[in-house]
Amino acid sequence: MASLNVIEFEKSIAELDENLSKLRRIVMDQKHPQNTADLPDQLANLEQHRTAIIRAWFSNLTAWDQVLLARHEKRPYTLDYIGHMFTGFQELHGDRLYGDDGAIVAGFAKLDDMPIAIVGHQKGRDIKQRQHRNFGYARPEGYRKAGRIMKLAAKFGVPIVTLIDTPGAAADVSADERGISEAIARNMFDMATLPTPIVSVVIGEGGSGGALGIAVADRVLMLEHSVYSVIAPEGCAAILWRDPEKKADAAKALNLTATRAKELGVVDGVIAEPLGGAHRDWEAAAGSLKEALIENLAQLKDLTGDELVERRYQRFRAIGQFTEIEPIHLNGHASGDAA
Amino acid sequence: MASLNVIEFEKSIAELDENLSKLRRIVMDQKHPQNTADLPDQLANLEQHRTAIIRAWFSNLTAWDQVLLARHEKRPYTLDYIGHMFTGFQELHGDRLYGDDGAIVAGFAKLDDMPIAIVGHQKGRDIKQRQHRNFGYARPEGYRKAGRIMKLAAKFGVPIVTLIDTPGAAADVSADERGISEAIARNMFDMATLPTPIVSVVIGEGGSGGALGIAVADRVLMLEHSVYSVIAPEGCAAILWRDPEKKADAAKALNLTATRAKELGVVDGVIAEPLGGAHRDWEAAAGSLKEALIENLAQLKDLTGDELVERRYQRFRAIGQFTEIEPIHLNGHASGDAA
Amino acid sequence: MASNGWFGRRSQFTQARASHGAAAIPDGVATKCVKCGEIIFTSDFEKNLKVCTHCGFHHKLSADERIRYTVDEDSFAPLHENLRSVDPLRFPDYQSKLDKGIAATGMHDGIRVGVASVHGVSVVLAVADFSFMAASMGSVAGEKIVRALEEGAARRAPVVIFTASGGARMQEGLLSLMQMAKTSAAAARLAAANIPYVVVMTDATMAGVLASYASLGDITLAEPGALIGFAGARVSAQASTQKAPEGYQTAEWQLLHGQIDQIVARKDLPDTLGSLLQMLGFSPEPTLDDLASEALTEADEEIAAIG
Amino acid sequence: MASNGWFGRRSQFTQARASHGAAAIPDGVATKCVKCGEIIFTSDFEKNLKVCTHCGFHHKLSADERIRYTVDEDSFAPLHENLRSVDPLRFPDYQSKLDKGIAATGMHDGIRVGVASVHGVSVVLAVADFSFMAASMGSVAGEKIVRALEEGAARRAPVVIFTASGGARMQEGLLSLMQMAKTSAAAARLAAANIPYVVVMTDATMAGVLASYASLGDITLAEPGALIGFAGARVSAQASTQKAPEGYQTAEWQLLHGQIDQIVARKDLPDTLGSLLQMLGFSPEPTLDDLASEALTEADEEIAAIG
C-alpha cells in the first residue's frame, strides 16, 4: 500500500467508503433480516479492513507523503480550527498602515473561558477564496496585522496562539516593495519580547520564513502530519539536482516531518491526528489540538512576563548544532579542525 | 507703504537695492574722489532710507502679509537651516514600511558639540525639487519616517528638534489609502511620551495637522514671520464667505501670526528675524534660530524623561479656552448658561 | 482641519443639514432615507435604530439616541455637562452658530461624555453628535475627550468613543488645532496605563478628528457606510492625479486599507463591544441580582459546612 | 529560505562564482569588472577598495578585506573562530561543500566576528564573506551573529554587521531556519539594552538573512548597487503579475522603498560609521596619546594650582 501516493491512496479509500456506505444502507433498510443475516458481519469485516489499510499505509509514510498530507486540500485550515476550538471569535483586520491581508487572520476568541489572541495563516478552498487568501502566501500587511494584534494581546496580558499553514511568504515584486523581509524580521523581533504566553502550532505547511514570522513562541508544536521546512522540497531538488521532480528525495533530505523536527529540538511536541489524517475528521483533530493548547497554556500561565521572555529567548538560543574546537593556545599550539 | 503687498514691496526694495549697489560700485571704483566727494554721503542716506522703508513696512504687517512672508519662495527651508546651524548632518531615509518621503527630512547632526535628531518638512525651490518634495505636503511615509527617527533618538537619549514648514499634509487619494490620518495621529501619540527633550520651531508655514504631526514638543517656537493655522486662509474664506478671495479677512480672523499664537499660549516664544525677513539674510536667521535652540535645549537638559513627558502632557493639556458653569445642584436648582 | 480639510468640512456640514432636514417628513409619520430616498414609517425607522429598512444605510444619531441604542438600560450617567464654549478669537458669526447649535440640539457642544455599562462592563463613554456644528472639535470637545480618556485611566475602566466630526473647529483657530495634540496625548496616557480604548467611527469621521484620537484606538470599529477620510472629496480630487476609487472614504474602503478592525451593524454594537471588552480582560460588574445569588450561595456553603 | 527563496539563492551562488572567477585575470596584473567588463590594473582596483574605477561597481570583498577597509588599523581582534559546522542531517554533499569553502577561503564559515574600533569608537563587528557557500546561514553563522549581538550588550558597545548572504543554509534544514528567529531575538535583546545596532548591507543580502537580523538595525546602510531582496529574480517573476521594475532589488531601489537609511560608498564607510556612532552617544576611546596629553594637562593644572 505504501507505494501508493496520497492521491492514489485517498482514491482507494474513497472507493472503499462508497462500498461501505452502500452496505450500511442495505443493512439499515433491511425489511427481511433473515435473507441477509450475514450482512452486518460483512460490514464489520469491511470496516476492519478499511482501518487496517489506513493503518498500514500511515505506518509507512515517506517524507513526501507527509508533504502531500500537509498540503491536502481537505485538511482543516485556521478558520476551521478556530470554529471548532474557540467561541466568540472576533476577527480584527488591518495593519493600520496599508491594508488588510486575507492570507493571515487575527483576532480574539475564548478557549473555554480563557480569552486568547489568535493569529494564523489562512488558505482558501475555492478559487475565489484562494485568490482572496493569496493561496496562504502572506504579505507584509499580514505580518504587520499579526504583529499589531500580538502586541495588543501582550498589552492586556492575553495569551497568544498562532497557527502556521503557509507554503511561504509572498515573494512577488509588490511584497518586496512593501518590505516583506522587514515585516517577517520585525515580527520575530517583537515576538521575542512579548511578555505573554505564546503557543504556535504548525497545522499544515510550515513554509520557511513565512511560517517562522508568526512562530517565535514559548511552545512550538506540530500536528502529526504537518511539515516544517527551511525550503520547499521542489526548490531544494532544483538546487541540488537541477530537477524539481526529485522533490521526494529532497523532502527526505530536509528532515521536514514532525517527528524529525521534534528530534532536532525545533518543536516541543507532536499532536496526534485522527487515524487517516486531520482531513478525515476535523472535529477530532480540533479536539486534540485544543487539548494540547490547554495543556501547554496551563504550563505557562504561572510564569511572569520576564520569565516567559527569558525562557523563550533561551529556547531559540539553544537551537543549532555545531562543535567548538579547543581554543587556540597562547603558546602557539593551535588545535586542528577538531569538528 | 503698508498698502503694498509683499510682492510689490519686495519689488520696490529690489529696485532700491539695485540703485544702492550701482552707487556702491561708483564709490568703490572712484579714481578721482574730489569730483564726487558727496557720493558716500548720498550712499549712507540711501541706505538709511532703505532701512526706514523696510522698518515702516514691517511695522505694519497685516495677517495676510505674514502669510505671504511665511510662504516666501526665497525663505530658508529646513535643509538651509540645517546647513547653517548644524554640522555633520547624516540624513536617514525611509519608514521601513513602504517608502521614503521627500517632503520630510530626518537625521542626526551636531549643534555645536551636541548630537541632535532633526526632523523637518522640506519644500523645493525649482520645479524638479518641488515635485520631489511634494511642495512640502508630507505623506504617510514621511510622518512614519519622522516617527521612526524620533523614537530612535529617544532610545539613545538624543534631543529632538523639529522644523515645521508645510501647507498641510498630503490630502490625495493615495495618502488616504496609506493612512495619512493614522500616521499624523500616531506621531502625536508617540511624541507625547518620548522621554527626550523636543523643541519644535515653525519656520514658515505651520499648516494644520500636517504641521502638528511633528510638533508635539516641550517647547514650541515660531519664527517672527512664520504662521501657524488650523486651516489655510483661502479654505477658511471659502467656507465663511464662499469666496476664497477673502483670504486676507480669513487670515485676520484665524489669528495665525506668531504674536497671536504666543498670546494664545500655543507657542512658547517668538524668534526675531533679521530686518526685512529671514529670506533677506539666511545666515542671520539661522543664527537667531540656533541661539533659541541652544537656550531652550539647555533649559530642558536637566529634566528626567519622566519629568519631560509629564510637563509636555500638561503643556498641551492646558491649551483651550472654555468656561465651566456651576455644577447642577442636587436640590434641583440648576444654574443657567453662565458662560 | 487645514487647507486640505475645508471642502471636506463643508461637504460634511451640507450632509448634516441634508440628513437632518430630509430625514423627517413634516407630518412626522414618515421618514425619507437620505441614501436611497425610500419613504419609511418613522416608527419602523426608529424601531430599526434609524437604519434604513430598505437599503441598510445607518443614519446619523443624536448623542442621546446613540447612548440609548448602545448602553445597558439606565446605566448612563453624564459627566462634564457644564463645559461651555467661549469665543476666544471673536471669530465672525461663531457665537450665533453656537447659539443655533444649542437651540437645535439642547446640547452645548457636539460631545457627550459619561459613565455607563455595556453588557455589564463599566466603561467611560464619549459620543459625538454631528448635528451640533458637525461635531467639530474646539476647546470644549477636546477637553471633554481628554477628560473621558483621563477618567478611564483613573477608574481603570475601558474608554469607548463614538466618533463623528467634520474636523477641528475653525472658529477657535489654533486652539482647536491643539486639541488634536491634547487628545492624542491623553490617548497615549491611557495606553501607558494599559486600559483599553475602543473607537467606533460613525458617519462622518473626518480630518482633524480622524487624524487624532479617532485613529488611536486599541480596537477600531465602524458603522457600515460611514464616511471616513482625511480630506473632503473636493480637496482630495484637487490633490489627486488618480480618480477617487469606488467607495472612497467609506468604512468599507478604510477596512480594505487596514484602518478598521470590523464593520459592525448598529444593532450588533452592544454585543460586539461587550464581547471585545471581555476578551481584553474586563468582566461584567456583578449586578444586584448576581450579588444576591452569590450571597445565597455563600449561605448555602456555610450551611453545608455546618451540616 | 523557503520555496520562495531558492532560485534567488541559486542566482546568488552563480553570481558569487562569476564574481570570484571573472574578476581575476590569470596573470594577476589585470582584473575584469564583473559589471561593466572593463579591464583594470589590479593594483588600481585594490587601491580603489575593489570598486571599479570605470563604472563604480562595488565588488564583493572577503571578510579580511572588509575588515581592513573599515576598522582602525590593527584594531580588530577576532572572536569565536573556533566554531565548526557539523552535518546534522547528513545532507547530500554538505560536507564536501564545507570542505571546498574552507579550502577556498581559509575560513570555517561565512561570518567573521570580533571587536575593533572605527574612528576610535569600540564596536563589536560581524562581517559576512559571500565566497564561503554564499555566506548562507546555518548553525555556525547564526551562533556567531548571536554571540556578536550578545557581546555588544555585554560590553555596552555598538554592534556593526556587514551582511551578505544567499539566505538560510538548506543543508541544515530547520536548524538553519531557526537561526532567523535566534538572531532576531538577539537583536531584540540588544535593542532592549539600548545599544546601537548598525547594519551595512553588501552585495548580496537576500532571503532568510534579509528577513531576519539584516532588517533589524537601528540604522541600515548599504553599499551602492548591492543586490538586496527577499526572493531571487526568477521566483519573484513567477510570483508576480507585474514586471520587475527598473533596478529591482538594488540598494537604490530599496532606499526608495523605505528600507535603507543611506547608501554609502565603500571609501566613506569608516567616516559615516564613526559619525553615526558618535551621534548616538558613543565617543572615541581615548588613545594612548590622548591619555598622555591628558596626564600632562593634569600635571599642568596641579602646577598652576601650586603656583
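We call the chains A, B, C and D, going by the order they appear; numbering starts again at 1 in every chain.
Just so we're on the same page, contacts are C-beta pairs under 8 Å (C-beta built on N, C-alpha and C of every residue); 3 or more make two chains touch, one makes a residue touch a chain.
Everything numeric in this text was worked out from a predicted model, so none of it was measured.
Colleague: Find out how few touching-chain steps suffice to connect subunit C with subunit D.
Modeller: The least step count works out to 2.
Colleague: Report which of A-C and B-C is connected by more C-beta pairs in contact.
Modeller: B-C
Colleague: Among all other chains, pick the one whose mean CA position is farthest from the mean CA position of subunit B.
Modeller: Most distant chain from subunit B: A.
Colleague: Would you kindly tell me how far, in whole Å, the mean C-alpha position of subunit D lies from that of subunit B?
Modeller: So the centroids are 41 Å from each other.
Colleague: Between subunit A and subunit B, what distance separates the C-alpha centroids? Give it in angstrom.
Modeller: Between these chains, centre-to-centre, one finds 55 Å.
Colleague: Could you work out how far the Cα centre of subunit B sits from that of subunit C, in whole Å?
Modeller: Chain centroid spacing, subunit B to subunit C, equals 34 Å.
Colleague: Could you pull out the residues of subunit D that touch at least 2 other chains?
Modeller: Residues 191, 215, 257-259 of subunit D touch two or more partner chains.
Colleague: Which residues belonging to subunit B are in contact with no fewer than two other chains?
Modeller: In subunit B, the residues touching two or more other chains are 96-98, 177-179, 182, 186.
Colleague: By the document's touch definition, which label belongs to this structure's chain graph: line, ring, star, complete, or other?
Modeller: Topology of touching chains reads as other, fitting no named class.
Colleague: Can you work out from the touch definition every pair of chains that touches here?
Modeller: Touch list across chains, by label: A-B, A-C, A-D, B-C, B-D.
Colleague: For the complex, which residues does subunit A have touching subunit C?
Modeller: 88, 90-100, 108-110, 115, 141, 145, 152, 155-158
Colleague: Would you mind writing out the residues of subunit A in touch with subunit B in their complex?
Modeller: Spelled out, the residues of subunit A in touch with subunit B are 96-98, 140, 144, 177-179, 182, 186.
Colleague: For subunit C, which residues are in contact with subunit B within the complex?
Modeller: The touching residues are 1-7, 9-10, 81-86, 88-89, 91-93, 102, 108, 138-140, 142-143, 146, 168-170, 172-182, 184-189, 191-192, 207-208, 210-216, 229-231, 235-236, 239-245, 248-249, 257-259.
Colleague: Per the contact definition, I'd like the list of subunit A residues that touch subunit D in the complex.
Modeller: 137, 167-182, 184-186, 188-190, 192-193, 207-210, 212-213, 215-216, 228-232, 234-236, 238-240, 253-256, 260-261, 264, 266, 312-313, 316-317, 319-328, 337-339
Colleague: Which residues of subunit D touch subunit B in the complex?
Modeller: Those residues of subunit D that touch subunit B are 191, 194, 196, 215, 218-219, 255-262, 272, 275-276, 278-281.
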